[in-house]
Amino acid sequence: MFPIAPELQVAAWLNTARPLSLQQLRGKVVVIYAFQMLCPGCVSHGIPQARTIRAAFEEKDVAVLGLHSVFEHHAVMNRDALEAFVHEYRIGFPVAIDQPAAHGPIPLTMEAYQLRGTPTLIIIDRQGRLRLSHFGRAEDMQVGALIGQLVAESAAAQQVQCDDTACSIR
Amino acid sequence: MFPIAPELQVAAWLNTARPLSLQQLRGKVVVIYAFQMLCPGCVSHGIPQARTIRAAFEEKDVAVLGLHSVFEHHAVMNRDALEAFVHEYRIGFPVAIDQPAAHGPIPLTMEAYQLRGTPTLIIIDRQGRLRLSHFGRAEDMQVGALIGQLVAESAAAQQVQCDDTACSIR
Amino acid sequence: MFPIAPELQVAAWLNTARPLSLQQLRGKVVVIYAFQMLCPGCVSHGIPQARTIRAAFEEKDVAVLGLHSVFEHHAVMNRDALEAFVHEYRIGFPVAIDQPAAHGPIPLTMEAYQLRGTPTLIIIDRQGRLRLSHFGRAEDMQVGALIGQLVAESAAAQQVQCDDTACSIR
Amino acid sequence: MFPIAPELQVAAWLNTARPLSLQQLRGKVVVIYAFQMLCPGCVSHGIPQARTIRAAFEEKDVAVLGLHSVFEHHAVMNRDALEAFVHEYRIGFPVAIDQPAAHGPIPLTMEAYQLRGTPTLIIIDRQGRLRLSHFGRAEDMQVGALIGQLVAESAAAQQVQCDDTACSIR
């Protein structure tokens, strides 16, 4: 019923010692906030909400990732600029730089998820299924409700274990 | 592990054709906002959050009730004044007037729940168990997370059906 | 060019040892916030803005008064209820109870100023002239700008001195 | 009593066809918001307040300028990045790029005004005198009050006319 979320395609990571993947986060609820550092709605709403989510849930249940999906002003929203931004805004969670396309302005993960723009809130359940892709402002109460519900699906999720080739029921 | 929430003791109801009880709401998550109409934190935070909860969840899953627990200024926070307040603030969900005590200022439901004051957010799960009693400001994200989790406990809750005399597993 | 503001007609005063009048406040800028204790916009916006004005200007330059102009729910917005409200909301500036009319719901000062409703922000200059009557939400920046301008008119105002019978230029 | 504000030292201007100077703005109240595009408080508070000031006062009375005073992360807060920022945040008023120093990170206007950091709100009266230099958050009511007062000083200001060599009283 819900599609499996496509794997992230990442040029580089900030705030994490080693690269992350949805595959290895399977079993947790994964929250991905797609943003651009010069996008006003990302700065006023998206980043603060990502931080609120990080504070409200435990790391063992919920992973929170930023995804810097640059589709305009590429020259000035480069890695150095993003590092300054992450430092100034005291962003503590891992941030992935969406892999630029060989041709055209839309980076690869943004394309795979068919995002309309930034900020977009993506929520993936414990079984790796895409449960929400919301462009624009989302209310805390409703975001909390969905993540809370997905966290509570743990019993069912633990019955299903997936590896690279298949999912099996224990 | 979680105690069964004590039944409400109510002098009168507003916004509902007939009296409600926790007993008859068993099976739903029940959110009760204890407030006083002249309590600043209730007006600025509690009532708006109750309204946000009402909008974020479906009536079939979550009941939202106000509980007017007057423990000071009794003469002016009477039923007529509350009706004007409910009208002016366009409160649409049912509101219970907490039963005054025969002696002393603390009404009976407030006493039974040992509330510290108003606003207090009370959350009861589908099986009638008290899961939260939070005095003061609560963040939308965390409130949403808890209610979302409790809504998701439906499968288990539906296996247990309670009536006046007993609970049985189907 | 600007009309002289009509005198206040007051049934009773709270938060002041003796009655006030515009006549005796001549020489100061006078800010009057007309409100009703059960008016949501008054509680969320008007009262806080009155408090902000009180904090931003000196008492020697600017007087801040509340005016409780009840035109609905008269029975429950009585003096006892207002006293509880003023206590709970920690209102420190003087509050006048607008004199009820012999006939009809509109009190006398509200009628004299032809107010459309509450909250209404009334601003009177140092010479007693009505400079603003604004119904609904007013932005802090613009309110500050007007009061700041009127405070700065002191030099001119000091040249004109008014008593009960006449105004003279020194 | 109030010192004459030092002239701006500017590497380049955005949003204006030709360079501006305090000298040529003499006779208006001048509001300068010193900011950095990657400074969180500038983005959440300073830029919106500058926009609110611009909307609250007339151009004939009050000039509003941005001053991009970069003292950290110089490489990524360059002119191209600032242009993207100004575009994305829809900043409509003129923005000066503070002249970098030959040695050291502090640009020249920032140094001349001895700014502690960003955001800093600078307000200059109609006679070119420095009346406020406020680092950090400033309340709208108080900012409006000061600018309103300075706008009202017009009569006095019009008596004094300054050119490049001198000020004379008409």
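Labels A, B, C and D are assigned to the chains in the order they are written; within every chain, residues are numbered from 1.
The rule is simple: contacts are C-beta pairs under 8 Å (C-beta built on N, C-alpha and C of every residue); 3 or more make two chains touch, one makes a residue touch a chain.
Just so you know, these numbers come straight off a predicted model, no measurement behind them.
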Graph distance between chain B and chain D, where chains that touch are linked: 2
Chain C and chain D: spacing of chain centres that average the CA atoms, whole Å: 35
Chain B and chain C, separation of their C-alpha mean positions in angstrom: 39
Chain centre separation (chain A, chain C; CA means) in Å: 52
Per-residue multi-chain contacts in chain D, two or more chains: none
Chain contact topology (line, ring, star, complete or other): ring
Contact pairs between chains, per stated definition: A-B, A-D, B-C, C-D
Chain D - residues contacting chain A, complex: 38-40, 43-44, 73, 75-78, 80-81, 84-85, 88-89
Of chain B, residues touching chain A in the complex: 52-53, 56-57, 139-153
